[in-house]
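Shown below is the structure under consideration.
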């Protein structure tokens, strides 16, 4: 067992062994779910707060179901019903949740870094359920899990595969996390979208260690050429204003059957949802036989069961291994500035 | 046992035997509730999604309590907390809920036909909790159950009874479903309201088989004359604009003590709630000794327990009897157009 | 055991024995929580409705956790998801919740007296979770519990202690309830704030029995002089308009380290939250070593467990002792006017 983290904040720093531990656990959980078996003893007595400062259904439901399946109690704090965050600083909210007796905290927040800040003020376990444009680690893990299963299930299943992420990379926390987990799994990752939406990623690509393969282009044709998988991203209409219109985006970047045919035979299509059907992808592709979209939805619960059950086993902060404690504190350094911004 | 449906979408096609099976089960459940006995084994392991695209409290709570009393887990998706429906098509939302692992889906939707569409994309069980101006089958069933109990409890209890539904029939899904269940139970049903609100129902009345008795009038006096029960409907203030003012409606159609006296001695008053006290009915009548309003609220839980437990017993689609499968597919034909409208 | 109330509506009429019974029970519950022990049998089968007409997180979560820890089921009715209150009178909502099968009702409402009105139309148990500017009894009880624990735990722990409540006393239901529970515990209570915010309390102070000690001042310095504890209140920005600006309030009444030093050495700071950090109190004080703010949050759950479990033991209305029935009916008299205002 190579898991030693008290929190799951990002996939960026996870080693192959750590990711494998997570996906192995997810396989086990998926098996339990497929056989409709109960796992209600693993998190019995845990009180999970779902602090969702941004609306979400898919992710929120997956975490709720995952926690319940493991025997935990969940409590939702969303913007609509919550006065806690009114005026109160984010860190005060977190400290209060800790004091009230919550032992696990799942955070979705529009501000980058919020889960790191939470982790510094919460004595239990924190999971990042999406922060700003930054990271969405459980989504990246379920995408990896879904692809690995589709390609035979071995830890090497992604090695050398060409995977294209298409859309607004710059504002996508899904892309932000997938870049790390996919390149670490050995995939040849291509980021593709209009120039303003891939800006800065060239630099990132050049700065990566040589064993991570990342390419950036605004040319969909070359990106799709020989691709093993294409991952669409939701086009946020409110982000259109800056340059491209929705119609222009559709004309140049929509994944339709004709374009999808440029990828390898048998290539797969993924999308984190919710899908703007007819914008970033056509109905034919997203509902077609090579679409993994519903398989991704299906894997949301077992991945979150894996995450919650693994971090719970690391026990309290005091029980952390020296290594992981050091790494957590490095992360904390890096987000010190965020902390003052968010409080 | 004459129940073979995987879903409960409407009461329109239910036979007397099917309705009796449902009400018998509801009686049994009401008995359990009255004795505060646990029924937590019947739906153990079921995951119920409550997809409420329209606000509701009474109906939503009844379904939640019913599901919990039977041992199921419930998850609410309302407009406030839900991003799932943003941009995403309704059918995609339903497919995702299916993939995530939900086994039962309770749908309230402002679009007519939404539950039928859901039933075509969901492998588990679907219950219509109110669609557009169309149908509200569990409300009609609890109304029938309440009247039957009040009148002695036998399946024939409603035969020959004059029951008047007063108000905005045209825009009422409660009326829309009650018309079918009450006439089928042998009642002499009268629809009464201002002309624009009963428009088209004359034609429906003429088209019914001769053993269904339905009359339409805008004359409250003749409707009330000799009535065994009067069912009020909520006046939607936003619907007033077209013709009558609220004051005019009150003047001509409000059920007050004086008017209620025109009905038979011992006549009963029903209303699905929430009541605009002082508009469609006076405080004296709706809180009076002949009001069944709170009894209707009380019967909401046992009826929903009956529905959820009965449909759960029909098992998966594969397990459906040929008859019911055929009938379901006929229903599907009828709602094909709806499907494209809603997606 | 000196508890005989079916409801908890206010602390104003509670005797010392009754408060002691409550705090003793809370101590017991706090012990269970600290040892993470289950108490799931005490309220098994109870159905708790949380009717929150005003947003709240801290209080709502504490009640939910408390109910779950005792084995009860909870159902939230908030403004966002609730149509029940639309048009419908408050009393009708309460009657319906009763009919649907709820056995306990926790009410937060912007109208003073709402929980009393609820208690007259609900056959089960009602708890006031904050009504208008009037009362917040569970908050006052947890404040008392927190102070008593901090000062040694005996029932006499508060006797002779100078406790200063600073802020907008007039519009604070927290102050409204604390005045009664703290003076009854023998504390020397000072109310301090700008004149318009303490208006009328001089009169109240003069009308109290001689064994209750209450002083009123707009002079922070004399209030803090020799104080054993300072309780801050949330400054509602929307209330600023009438007189003082936020800046002026800060200049004259903010509790900062320098001012806090005027209190006794070892004096304690309390605040019900959510805190406007930098307005009514500085970060140094509210996060300092003498702050009880998180201890208050921690005690929210055990106090609510104590309240719910004690009132549940009084059984139905029929089972009430004559004394408590009489006292309840006196309370009802006093709130008769409220009733018509709220419905």
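Letters A, B and C name the chains as they come in the text, with residue numbers starting at 1 for each one.
What we mean here is this: a contact is a pair of C-beta atoms (placed from the backbone, for glycine too) under 8 Å apart; a residue touches a chain by one contact, two chains touch by 3 or more.
Everything quoted here is computed from the prediction, not taken from an experiment.
Engineer: On the document's contact criterion, could you list the chains that touch chain A and likewise touch chain B?
Structural biologist: Per touch definition, common to chain A and chain B: C.
Engineer: Indicate whether more than half of the residue numbers at the chain A-chain C interface occur in both copies; give same if so and different if not.
Structural biologist: At the contact between chain A and chain C, which are copies of one sequence, the residues are largely different (under half shared).
Engineer: Using Cα averages as centroids, what's the distance between chain A and chain C in whole Å?
Structural biologist: 41
Engineer: For chain B, write out the residues touching at least two other chains, lowest number first.
Structural biologist: Those would be 80.
Engineer: Note which residues of chain B are touching chain C in the complex, please.
Structural biologist: 33, 36, 38, 52, 55-58, 60-62, 64-65, 68, 76, 78, 80, 234, 237, 273-277, 294-295, 297-298, 300-301
Engineer: Report the residues of chain C in contact with chain B in the complex, numbered from low to high.
Structural biologist: Answer in residue numbers: 45, 47, 49, 73, 75, 77, 80-89, 92-93, 95-96, 98-101.
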